[in-house]
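Both complexes shown next keep subunit A, but they swap its partner, so subunit B is in the first and subunit C is in the second.
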Partner chain A sequence: MGLEYVKISPGFEKYMPRDYVDLVEYGQFGKELDVMQMGQFKELVEEHPMCAGCYMAYFIRVFYAALPKPEDTIVLGTAGCARLALSQAAVPFIYGNYGDTNAVASGLKRALSIRFPDKDKDVVVMAGDGGLMDIGFGMTMHSWFRREKFTTIMVDNEVYGNTGGQESGMSPKGIQLKMAPTGKKFDKINAVELAQTAGCVYVARISPTNPKRIAKVIRRAILAARKFGPTFIHAYTSCNIEYSIPTREVLADARQREKKDFKFYEWMTDEVKEYFNEIEKKAKEVKS
Partner chain B sequence: MYFVAEVHDKECAKYNCKQCVLFCPEPNCLNYKESGHTAWVWYDRCKGCEICVYVCSDLLKRNCIEMVMVKTGD
Partner chain C sequence: MPEQKVVEAEHLLLEAPRERKFITGSQAFAEAVKRANVDIAIAYPITPQSETMHLVGDLYAQGYLKDYYRAEEEYGAMSAIAGAVRGGARAFTATSGPGLLRGLEAIVSWPGHRIPAVLGVMTRVVNAPLSIQPDNVELAYLLHSGLVVLHAENQQDVFDFTLAGFPISEKVDVYLPVVVATEGFFVTHAKGYVDLPPEDMKLPPRDPYKAPVPPTDCEIPPARIQRDAPVQKSNFMSYLIHAVWQQEIWSANERARKWIKHYIGGLIEVVNPDAEVFIVASGCAAAQGREAQRYSELEGLNVGLVKVKSLRPFPVQELRDTLKNAKAVIVPEHNIVGWLAKEVKAAIPNSGIVVDGPKVYGGMTLPVELIMEEVYKAFGIKKEKKTLV
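Moving on, here comes the complex of A and B:
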């Protein structure tokens, strides 16, 4: 971790893979790049085996482009689709057992704050609805109760996409899936309200239809987690395979869901609001 | 043979909009060339999902991207 680890030792440039040299020369490390410049710099995430047109892959792409300090970040994931792309990025990635991401992140964050007391080291958990709200539910909730200072991002595809389409706690009521032929009998878990009640200081729900907004939410969640406490983002990332969405219609579907149950929602405590106002004021002064 | 997106440079350069680049799910697959003001596709990375076509043709009505068949090694 840290910029020194990223740099290539002098004399070794021509022996390093082209992708890595590009990453150091034209990448995000040590620079303040805007997410709207995507496509003009070498991105942290590389080619990955996620399905064509997967909008979870898109969310992950924007997530890495929006990281405030990629050289000082550790990402945690668990079994599920997201890990396929998360593990292909130039940011340290820890693959937990199914459901224990938030427990691992708690220990990691505490260890980092002891080892580097004068530096901000960000820990981000990115896992699916199964990992956080079904199997890892207890550990997720308890990390929030304990007010651990890291960010939890749930990429919600509303199904167990990797294992053939079983219903998850986040699948909508009544939905018929390949491994749930009689239809789901219970409501979708209200994760956003749970997070608010459990003690998160910043909570957001978002559908990936606007890269600038996604980047803003991710940056805010990470910055708030550094100072105040747990933060949570609930992102809709459709599974076009299990929900049979033609790949061309994936963005249209995200826009549609944004109008229904994935309306943009952002909630934060008063002290966090004050902190952001201060930061934004400073940024404006620097610009002008 | 596989299916990839192709950008019509001349048409694309008229708009300077970059929207397809911002909505592509693959990293560094659709890129933006500042010198020519156009988007360009890194064919090896394209999985043929057509989201860029949806953005360019259905949403913006600009019709600058088309899906084409290419052979391995093209």
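Moving on, here comes the complex of A and C:
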């Protein structure tokens, strides 16, 4: 049904909030819009309570603009900064308990596959480094081992931002944060390598400096999850508050990290590669 | 598997002819799941629950269920149940003791998420040192969470309560998870007579759109219970919204009363309603209480039994009415804290007549003699203790 449920019932147009009418008339539902046109269409998330200069908020904005089928997408999140914006978007959002995203998504995706075997219903987890690599680690890994067909996006700000700046497994070694009063004692977890080993069919690491590239990665991760299995994106989304990055330096910081430990990296299985070659070739043919 | 015909819950539970089988409690759980048109079951091993979910796995292999898997651990299993039910599926899982406590954070959030599912609880010791034996202290943790909690005395109850659990949980005016608890080993691994309706009948499928909180399936505008900013803020409106949500869950729990009466014949069962002394018990303790009531009758003592079938909603009015002329109320239990005695004391105006025990725990059995000792005390009868040599 997808599109049907977002549409306004005839006769109700003038009673619906202007924002919603715009969303249906000038938004992304049922259309394929280029992320570079952002600002020219009504976006799925606009207002949110995240901090000024938050790079995660920017990434989330691009994420929604890049969804291949927002009217048939369900986003799951957990405690942390991201859900503050995710819960404000015009896409169904499930917030369960602490670190449970990948278990809830497993049940949800299976239920949707039982009920709608012939429809694509995209399930996307977007959670932080704490949610996916600390408290929810077991559930994240096992959803991958089981080859669950949904996308996991880790918005890595290298800290528990929402609870006041505590060290996470993804914080760099040596960094002094709350609950690491003498500095973190172990290395940043290599999430990308874990994802590959655990059975993800598409894995990407990205510092979000280039919106076109972000959009491509998100689209690919979602399309591959539909057909083949679990997919994972590790995105650097700095916390300008806890890491004291001046707002105007946030992009520069992302570029700097891109040159160091967040070099763009994309890996996929051969069958996924073949699939993308095929659909991307077709898309080019349609364009020309 | 036989071709199954969809029939109304009323027919399957209350009218269909039944055939007597001699089966274990675990088999009784599985026989209920077989007829419940369950979409997905999610399992995680723990003794004494495991056998039930093995049998449910066999049902999946035979085609009765559409999906089944072994989860990573109980928190993952219970979270995945929430996901599946929010996605519109009918779901079943089961656990025991430590597993229940491991999954508890997810389980106690089910009512708030309005998750109609059925959870089997086969009780087991939870405290250290390690033991796998029956002890139902874990049920105390479930009583304040908004779930409907039924406590099965025997294999027949296990079957009836589990099968009835699905329609009760999915009623629009309830829409809460239903726990069907029973004692591990004593019921799960022992055989008893169970009258079963035909296996070529099953419940109608779940209709997720017949719901106070719609599913999240991109077919219908979703319930966005985390959407509104006030819910996440620290201000009066956010407190109010949360308070109202909690009130509604407990009101829904209250509204389950009529469906429990409808499908399983009431929240309590009373034997000898004109008794002077009552034994009030739930689960396996009710089976022993039933024996003690029979012994008492043989000895010419006017003793009655109240079996509490539903722990939540709790049969407050029923107990007040039944116990209004009682001179003593004996509450035998399979746990050290005596949670049922506390509930009974809180329910009746004259709580001084309640005897908190006998209590056995750590896996001990509950000999009828222990209950009889309290019966004699209540009647002021002095008996010499027999010592077996």
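One rule holds in what follows: the second predicted complex is superposed on the first by the 285 of 288 C-alpha atoms of A that agree within 3 Å, B and C clash if a C-alpha of one lies under 4 Å from a C-alpha of the other, contacts with A are read in each partner's own complex, and residues count from 1 in each chain.
Everything below uses one rule, namely that a contact is a pair of C-beta atoms (placed from the backbone, for glycine too) under 8 Å apart; a residue touches a chain by one contact, two chains touch by 3 or more.
Because the structure is predicted, anything quoted here is derived from the model rather than measured.
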Fit-or-clash call for subunit B and subunit C when the two complexes are aligned on subunit A: fit
Which superposed partner A:K173 touches (first subunit B, second subunit C, both, neither): neither
Touched partner set for A:R61, first subunit B, second subunit C, both or neither: first
Subunit B versus subunit C as contact partner of A:A52, first or second or both or neither: first
Touched partner set for A:R147, first subunit B, second subunit C, both or neither: neither
Which of subunit B and subunit C A:K31 touches, first, second, both or neither: neither
First, second, both or neither for A:K282, with subunit B first and subunit C second: neither
Partner chain in contact with A:I94 - subunit B first, subunit C second, else both or neither: second
Partner chain(s) touched by A:K227 [first = subunit B, second = subunit C, both, neither]: neither
Subunit C versus subunit B, contacts on subunit A by residue: C
Three-chain overlay, closest Cα atoms of subunit B and subunit C, distance in Å: 16
Residues of subunit A at both interfaces, subunit B in one complex, subunit C in the other: none
Residues of subunit A defined as touching subunit B within the complex: 36, 38-40, 42-48, 50-55, 57-58, 61, 64, 211, 247-252
Contacting residues of subunit C [partner subunit A, same complex]: 39-40, 42, 66-67, 69, 71-73, 75-77, 79-89, 91, 105-106, 109, 113, 216-222, 224, 226-227, 229, 232
Parts of subunit B lying in touch with subunit A, wherever the complex brings them together: 18, 21-28, 30-32, 34, 39, 45, 47-51, 53-55, 58
Contact set on subunit A toward subunit C in their complex: 1-2, 4-5, 49, 71-74, 76, 83-84, 87-88, 92-98, 100, 103-116, 121, 138-139, 141-142, 146
